[in-house]
Amino acid sequence: MLFSNRMINILIPIISVVLGLLSGAIIMLVFGYNPIEGYAALWNGAFGDSYFLGETLRQVTPYILSGLAVAFALRTGLLNIGVEGQVFVGWLASVAVGISFDLPMIIHLPLAILAAALAGAFWGFIPGILKAKLGVHEVIVTIMMNYIALYISNDIVRNVLTDGEDRTAEIAPSASLASEWLASMTYFSRLHYGLIVALFMALVMWFVLNKTTRGFELRSVGFNQNASKYAGMSVGKNIVLAMVISGAFAGLAGAMEGLGTFGYMNVKSGFTNIGFDGIAVALLGANMALGVVLAAFLFGTLKIGALNMPTEAGVPTELVEIVIALIIFFVASSYIIRWAFLRFKKEGK
Amino acid sequence: MDYVIEMLNIRKEFPGIVANDNINLQVKKGEIHALLGENGAGKSTLMNVLFGLYQPEKGEIRVRGEQANITDPNIANDLGIGMVHQHFMLVDTFTVTENIVLGSEPKRMGQVNLKRAEKEVQELSERYGLNVDPRAKIRDISVGMQQRVEILKTLYRGAEILILDEPTAVLTPQEIKELIDIMKSLVSEGKSIILITHKLKEIMEVCDRCTVIRKGQGIGTVEVSETNPTELASLMVGREVSFSTEKTPADPKETFLSIKDLRVKDVRGVEMVKGLNLNVRAGEIVGIAGVDGNGQSELIEAITGLRKTESGDIKLHEKAITNLTPRKVTQSGISHIPQDRHKFGLVLDFPVGENMVLQSYYNEPFSKNGVMNFKNIYKKANELIEEYDVRTPDAYTKARALSGGNQQKAIIGREVDRSPDLIIAAQPTRGLDVGAIEFIHKKLIEERDKGRAVLLLSFELEEIMNLSDRIAVMFDGQIVAEVKPEETNEQDLGLLMAGNSTSKAGGE
Amino acid sequence: ACGASDDDAGNEEDSTGGDSSENTEEETSEENASGDFSVAMVTDVGGVDDKSFNQSAWEGLQAFGEENGMSKGEGYDYAQSESDADYVTNINRLVRQDYNLIYGIGYLLQPAIEEVASQYPDTNFGIVDSVAEGDNIASITFKEHQGSFLAGVAAAKKTESNMVGFVGGVDGALINKFEAGFVAGVKSVNADIEVDVQYAESFAAADKGKLIASNMYDKGVDVIYHASGATGNGVFAQAKDIKNNDPEANVWVIGVDRDQYEEGAVGDTNVTLTSMVKRVDIAVQDVATQAMNGEFPGGEVLEYGLSDDGVSIARTNEEAMTEEIITAIEEWKEKITNGDVEVPSTREDLETYVNSL
Amino acid sequence: MGFIDIIASIIPAAMVYAAPLIFTALGGVFSERSGIINIGLEGLMVMGAFVGIVFHLTFYDTFGAATPWVSIFVAMIVSALFALVHAVASITFRADQVVSGVAINFLALGIGLFLTKQWYDKGQTDMVARPFYATDIPLLSKIPILGEWFFSGWYMTSYLAIILAFVVWFVIFKTPFGLRLRSVGEHPMAADTNGIKVYRMRYIAVMLSGALGGLGGSVYALTVALNFSHSTIVGQGFMALAAVIFGKWHPLGALGAAIFFGFAQSLSIFGSGLPLLEDVPQIFLLIAPYVLTILALAGFIGRAEAPKSLGEPYIKGSR
């Protein structure tokens, strides 16, 4: 057989990316830019030297986690639009622990990370329990929780963690994910150990969902609540758990920013978009752990690379937004690509 | 020739399968024409071709002698062809009238003229004795009533040729009788009917001719008056089929399940089970006979822990299992073959193999310390697939891709294999062909003979009569009578099921 | 983003990464005679066309380039940030492209500038609207409280209801500076005037800006000073609505950062009373010139205020800015520049100031 | 300020906030009633805002005082066409509807800002010279109390939003089109066997949601924001989606939900002036609209039943 099903499944995202980039090139041509220059600038901006590679990986880190958060909930049939808010509270919690204690690193850092996960988990617990107990649609609740997180975080930064300042103190070095070693390897990029945390969490998600009985239940509830109930699983418990775990992943994404990239939390005038981008990352990664990692990598590359496009090639960064959107469309419309393959296969015979 | 419908040399392919291969079907005006074949033989496909839902790869369709190119259900409608589908095509949240007029609504000033529509539906319903309430919501009416709505839909559109795809599979005996009357009144008005059914008795009773297809191929057409059920069955399956399942008399032992004074409410809060008492003993099959909607579903859901009870006791082996969680109920030794296999029985998007351990995944050897052991799971699955003859490419195939009969066999395999003390089988053979039914009946009897208790719920009297050692008649939330199958007949049972308990109360 | 600035009081404690005191004092611009001097800036998420300080800074760079025969990409350039996380990346990119002087525009970039500056002691940096520690950093700040004070004077002179309003973006030290100056100005003219202060908690919520303005005008406020970026669009929208419906209505908006006269046009009239203009362009051009000439003010905190025209009050709306108002403004400006009046820049100072009136 | 006066200022303000949400939510109702999830409402609003502003800036000289009306009309048309992308992907190409909607959000912002840079050479447009203005309705505004509440300081577009909600209600629940639309969302195969063109209905519904989302976005832009930039539409589309669900997929429900949001939002601002609320810390007022929504859902709105086949692509001839 020319193309096995498995092959097609692997090819589809690749083809989608190629088609998305091609469309981007056409748009550049239409508007009088040189696509080769444009993409060269993108490439240089993302991988041009080890500094930019470091920055790209740094950007990938929270994307992996916010992508996992969305994906984990979706696998249980829940659309968690609240990752954004969960990132906020995670960030806040990690920084709060990071600045408030003086502990040896071996305790302090895990404690700060754990605090972020717990805060995110709590923020996921609320929509989860409302869904499980009262059937309230998780989409609305998570949307509302985003705003609540934004305003409460700002208020806490301003009135609890500081005395009316816009920014908290720097976290103690013992709570920091930042790494001299990684930074020095990459000309002071902000690449930090969080990447290891993120990759490990991807592994955790894969393991939990695919290898444990709990994951079996979560997936089962995601597909068919009635059958799950019939089979003796507690639907409500699994819904709450899914939201809690999803929120914990999102909280960790916040910790990556708080303990890794920034080292502080500041008053924000709007959303970070890490959570909203996570939706796209998850969907692009087909809600699977490995897929999410790859999609986060793609996203991080495009986002960081895009920053270089205006200075080096004069192309507006927004072009990359368009390219990302098109890639998502192509992946989503995989049916048509699959169909084209089958036609091709038939005629090839 | 006065054929109203001629389907000649029809071929219809699906990816990887030829569903119809060179099939011929000729229907005369004013006749009831049976279409007979095993599950998956291609009957529904053929009818969907006639109704314009599928386009055939080859073949010709003639309607009243004229060649027709039916590319769309609208064209079928215009040609006077109406179809009642195997799975009802009704919008749950709409009223009867809305469903009937959908797509060809009477209008007044841009609005749907519901008043007029309701009047028309009322008239039509009276004319054919269908007796439906035009304003009722579909989700509030019984399955039998829904079926009549489907028939009304075709009549409303002026259908002269009606296709009824397995209309009786979901009906109670009373409803079947009424449907047969309706069909007779329709043909007496000059309409023609194509009837798909697995029930040979019905064919013998109402049909004029019968076309048999087997594995996608036309076997031929016979005059019903010149044949008999045995011949039809062997034509269809290609071998001899035994009808009544052979079984030895039961040897009931100690009481396994005992229910006292049980009261259960349904979703809307209406009491459906009203002080019900019932015992099931080891080594016997107790059949619950009754018209749908008399609390059967609520009873079973209450026993299995899917629904809270209001009051009363359910005991298994003298131990109360009232209001335990489904998990606890399962662990206490009850298996449940659910009525709705798609809704409850299977996670259609899981592989067959994982469906096989839907309740036992957390036990060894399928998992240990919370970690799944897929090797053992698939080993078990393959054993069950083998033993229960589940036709699937492999255990990794999604359950969704299996035919209904095979999905059912998978469920039965899973439930029986858990070696329960009590098997609750709700409509275990609904919609299955005779071959599959035979297999399942045999399995249930085997389990009984091993000393297990079986509680059978079925709306098909024949199944109840054939399989049960004891029949409990359920009416209005109570067991109104208990009879032995050999001491009663379908007539009497029907009366009991209608709440007529003054007729001789058999049993005990 | 907004017309924001900052004096980050807690800065000393915060700057853990910034004390690169081992910094070599070499003059990095030693080689250039202007020949190969180059300068670039990193915007915050507002972009160079935010009609605010980013735009103003970019205009300064462009003017500087023109003066020295450079063109965009050759001699001067900018990099735009899409999120907070991009600041460091962008600054770094410019460092590696060998720009001699790199500006971070906006207080949000302060930690980023400090961080990169400590890593690259041979490059010069400028931070606008904030104070950063480092011998190779010039901190450019503005005395917005002084400008806001004059805006307060204008508002106090203009109000008929003796109620004026202040709409802030996100509550915090930087916008509080605007608030404190404004309130002080108002109270200095007439201590009985009520000042209604509200924050939208966003620089991008025009809808909230409109709700707040609507609330204020309904309560009788007739002059609103906004320091809230795009949220201010809603303030203008509400004022224009009222004015359009009733041309006699006494409603005014005071703009921020640049002259927002255009935004206030309603048919033939205009609701923009004046604007508190911040000349980031002058400052940026000034520091770049110093750097090019080998006089980079590294480690210094430059404060541009009323006296050097770093902040000022627009007079475009000649009809509204009556003789009387202008005179009052000039009087107070005089008092501030010669030190008679110390304009408060925090809420605490404001309290002391008001009590002392 | 007396009670009546406070109400008189809250009502129009709440409607300013609510009107764009009402339009967009009505679009969402159309789309979701036909079975297509529309998480791309945000993007459709962005597109509407962009087109509305750009058209207004470009053609003010041609259309004069009528420009805002022409602009929102053009924004409707363009956004309807833009929604075709979502329609093609999720109906014809059977894309996951959530995925496609998310892509719409990215795409709209990308296109809007990219073109703004191309055409205006900067990240945001100029302000429009003559947006919609709120007006007092002659005569009616003179009615005591009611006149002040309902006929002064409203935008015509706010009235339009309310009227449109009733029109949509009529269309969806009273006309043959509506009956068919709902049937397609509940049970597409049943609709198909009744001769209803499922795909066509869904295309129409998604394009209507585009048109209404575009209307919502352009009305927001031309009443509140007055220009277009990356910060013009920030979350309003998600609030509209929340209104759809909050309103249980019913046009009047969505209307009510959007007005509820408007009031909650106004209250959080006007509250500081109300005697009862003036001592409540600012943060509680800030989060009040969102907390109230959750409480309302949990307390008495509860479970909402979505159209049955929402999110499932219809594949002709499958079961």
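Each chain gets a letter, A, B, C and D, in the order it is written, and its residues are counted from 1.
Here is the rule we go by: a residue touches a chain if its C-beta (ideal position, glycine included) is under 8 Å from a C-beta of that chain, and two chains touch if they have at least 3 such contacts.
Everything numeric here is computed off the predicted structure, so don't read it as measured data.
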Chain labels contacting chain C and also chain D:
A
Check A-C against A-B and say which one is joined by more contacting C-beta pairs.
A-C
With chain centres defined as mean CA positions, report which chain is farthest from chain B.
C
Report, in whole Å, the distance between the mean C-alpha point of chain A and the mean C-alpha point of chain C.
35
Suppose each chain is reduced to the average of its Cα coordinates; what separation in Å results between chain B and chain C?
76
Euclidean distance of C-alpha centroids - chain A vs chain B, Å
47
Separation of chain B from chain D, taking each centre as the mean of its C-alpha atoms, in whole Å
45
Any chance you could list the residues of chain D touching two or more other chains?
231, 234, 286
Got the chain C residues that touch at least 2 other chains?
80, 201, 203-204
Return the residues of chain A touching two or more other chains; collapse runs of consecutive numbers into ranges.
151, 270
By the document's touch rule, what are all the touching chain pairs in this structure?
A-B, A-C, A-D, B-D, C-D
Chain D to chain B touching residues, read off their complex
174-176, 179-180, 182-183, 186-187, 189-196, 308, 316-317, 319
For the complex, which residues does chain C have touching chain A?
1-2, 6, 8-10, 13-14, 16-17, 73, 77-86, 88-90, 92-94, 96-97, 107-108, 111, 116, 119, 169-174, 176, 201-204
Write out the stretch or stretches of chain D touching chain A in their complex.
85, 89-90, 92-96, 98-100, 102-107, 109-111, 113-114, 117-118, 231, 234-235, 238-239, 241-242, 245-246, 283, 286-287, 289-291, 293-294, 297-298, 301-304
In their complex, what parts of chain C are in touch with chain D?
45-51, 80, 198-199, 201, 203-208, 210-212, 214-215, 218-219, 229-230, 233-234, 236-237, 240-242, 244-245, 262-263, 265, 267
Within their complex, chain B touches chain A through residues 304, 306, 325-331, 336, 338, 343-350, 354, 358-359, 361-362, 367, 370-372
